[in-house]
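The following blocks contain the structures, represented as structure tokens.
Consider the two complexes below, in which chain A is the common component and chain B and chain C are the respective partners.
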Partner chain A sequence: MTYLSDVAALGRKDLRVELRGRDTLPAMLLFVLSALVVFHFAIPDDAGDTAAYGLLWVAIVFTALLGLARAWVPEQEHGVLEGLLLAPCDRSAIWLGKALATLAFLLASQAVALPAFVLFFEPLDMTALAGVLLADVGICAVGSLMSAMAAAGRARELLLPLLFLPLAIPLIVGGVGSAVSPDGERFLLFLLLYDAVFAVLSWASFEYVVTE
Partner chain B sequence: MGLALVLALIVVPEDGDQGISQRIFYIHVPIALTAYFCFGLGALKALLLLWRGDDRYDLESYVAIHQGTIFGALTLITGAIWAKASWNVWWTWDSNQLVLFLVLFLFYCAYFMLRFSLEDGPRRARSSAVYALFGVALIPVSFLAIRLAEDFIHPTVFTREGPQMTGSIFATFLVSWAAVTLLAYVLYRVELAGKRLDADLRELREALE
Partner chain C sequence: MILGREVEKRYGRKRVLRGVDIAVAAGGFAVVTGPNGSGKTTLLRLLAGLAVPSRGDLTVEVDRSRIGYLAHEPLVYRELTASENLDLFGRLYRMPERRERIGMLLERFSLWDARNERVSTYSRGMLQRLALCRTLLHEPHLLVLDEPYSALDEDGAALLDRELEALVGVSTVVVATHDPGRLEPFASGGLALA
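Right after this comes the complex of A and B.
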């Protein structure tokens, strides 16, 4: 039980920092809306209906990257991470709290982006929405770890997309598949598998990434 | 290696379908398998590093992945040549193996970026090790993803189910595979020795200063 309350406290801390500072979420919202408008001009009229779904996924992944790049900045700036590492809690709780907070930001940005997508482009069915949700979990699980890794490097903003995008390719396959394939459940299962495998890996390996 | 070349180029009868271009199979496939093997070895050493905390695994893991990336790049090149010869295009998204190698190639290039951007030390060793482990998990997951993606990217997939390998073809294949693996192993030892020497030298120089 203490593990869960640690996670909740850490996640709440991130949300509160965001509420007070408003650094990340407005940027993500604006970015995803601008991206959708850019896509309207980027797709030729005869490109077919399904092309928009692909671009939606590009927008989702890059919006997530924007949020992830900021994820560990508060910890870096004020030496918070050292404090957290000294705290008597399991290190993986830090990762889980961060992943959940990032998930909350991502979901909040999608609460605006998905209706906008439906308005501008194509409708989304339940399978597609479930695909978005499952992929979000994977993005935040893997992304929080990669972001913590990149934060230690010299060029952290450059490094994160490089580390993250090859790992995100299966998520994009699953997400686009769940939106366009007539047999979308298969892709949901695949996303579930991805989430399970990589969440466990990230959970188990976070401690090695942050400790000196 | 020489024996493998002779066997592959002269002894084996030409494939009825693809003619001379089929011979690249004896180089392409062993290189691809060796690249997988190197990535696997790199991840195994990474796991040992995290588990035992012994520094020497860091260098071994790095060198194995370096070899794997080189062989992965060679796989992409030989694959492109083969694709050009038999399907008359340099690149095809139809070939799952090639796409998988492209994803892995990008992934392991990012591994080097990660390594070069972190300060030398135990944290770099462990971060690299974690990333190497992710790579091994990514191989089957990506493979599955690419298979699934055919569903909506290419409704019709043309398969290349040739006749089964006959005796002499299979023997040549095995010899080539052994030769490439041996080559990879020798390169691995050479690079590892060089890197160790380098590290020793740096330590000595620091001790002198």
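Right after this comes the complex of A and C.
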């Protein structure tokens, strides 16, 4: 229970910081909408739904990247991460709080992006939506760890895409597969497995990323 | 409480702390001095557990939850208020009566009236007072203070003098400073880094 209350306190703090600063979510919303509008005019009418779903995933991954790039900025200002590391809480709680807050921002951006996608391109069935949700979990689990890793380096803006995008490829495969394949449930299982494996790995390795 | 022999710290090929011996008994008050770049901050980070020595032995017999570390930076969130910052750290330090303790510290450091203002609007001196509140919040057994007087005005410095005086013999204190004369009345030992 103590662990969960630490996670809740840390996640709530991230939401409060974002509500006050409005640094991340407005940028994510504007980016994903702009990207979908550009894609709408960029692809020909006869390109087919497979291309449209592919572009949706390009928009989702790069919107997530935008949010992840800013995820640890509040901790870097005034060196707060060191203050958190000194606290006696389990250090993985810091990662989990951050991953949940990032997930909330990503879901908020998709609450706007997915209706816009349906408006501009194709309808999304329940399997495709489940694919988006499962991929979001994986994106935030892995992305929060990679973002912390990149934040510790000198060129975090360059480092984060290099670390995150290769690990996001299976999520894109699973997400697009769940939308276009007649056997979409298999891709959902694949995403579920990815989430479980990478969430556990990220949870277990966070402490070693942020400490010497 | 603290015992270090030939403690050395390197970042890559750069040696930032060279062969330091340190011994501070429980309840002791050690003042660390030295010119810029001599490794004072690095030594304090090692004592706080934020870094590990590259060579040598360092033993700090205090649980992580009982270390209070004042860094160059205040280690608080800019977008949160003073109360919210202290409440967050109070929760993470599992303090049962944190509201009372937070209220008392904010009063004592003259931040009560500004407790609901965002930290981003604070002056440098107010930030240092808040950082001191955060450091003292969980009643640490080991206090590691890096230039605690920086940015404090005369009132703030006098207040900190009183706080440190009250801690003599109660908590173990290690302070890095460029003004050792100010801490002479409290100090039980010193370490001069070259």
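Structure notes:
Definition applied: the second predicted complex is superposed on the first by the 212 of 212 C-alpha atoms of A that agree within 3 Å, B and C clash if a C-alpha of one lies under 4 Å from a C-alpha of the other, contacts with A are read in each partner's own complex, and residues count from 1 in each chain.
Operating definition for what follows: contacts are C-beta pairs under 8 Å (C-beta built on N, C-alpha and C of every residue); 3 or more make two chains touch, one makes a residue touch a chain.
Treat the numbers as computed from the prediction; the structure is a model and nothing was measured.
Using the contact criterion defined above for the overlaid structures, shared-chain residue A:F198 touches chain B, although it does not reach chain C. In the superposition on chain A, contact is made by A:M149 with chain B only, not with chain C.
Counting the residues of chain A touched by each of chain B and chain C gives the higher count for B.
When both complexes are overlaid on chain A, the residue A:G177 reaches chain B alone and has no touch with chain C. Using the contact criterion defined above for the overlaid structures, shared-chain residue A:K13 touches chain C, although it does not reach chain B. Within chain A, the residues touching chain B in one complex and chain C in the other are 211-212. Chain A makes touch with chain C in their complex at residues 2, 5-6, 9-10, 13, 16-17, 20-21, 74, 77-80, 82-89, 211-212. Per the touch definition, chain B reaches chain A in the complex via residues 50, 103-104, 106-107, 109-110, 113-114, 117-119, 121-123, 126-127, 129-131, 133-134, 137-138, 141-142, 144-146, 148-149, 151-152. Residue ranges on chain A touching chain B, taken from their complex, read 50, 142, 145, 149-150, 152-155, 159, 162-163, 165-167, 169-170, 173-174, 176-177, 180-181, 183, 186-187, 190, 193-194, 197-198, 201, 205, 208-209, 211-212.
Listed in rising order, the residues of chain C touching chain A in the complex are 48-52, 63-65, 67, 69, 71-80, 84, 88-89, 91-94, 118-119, 127, 134.
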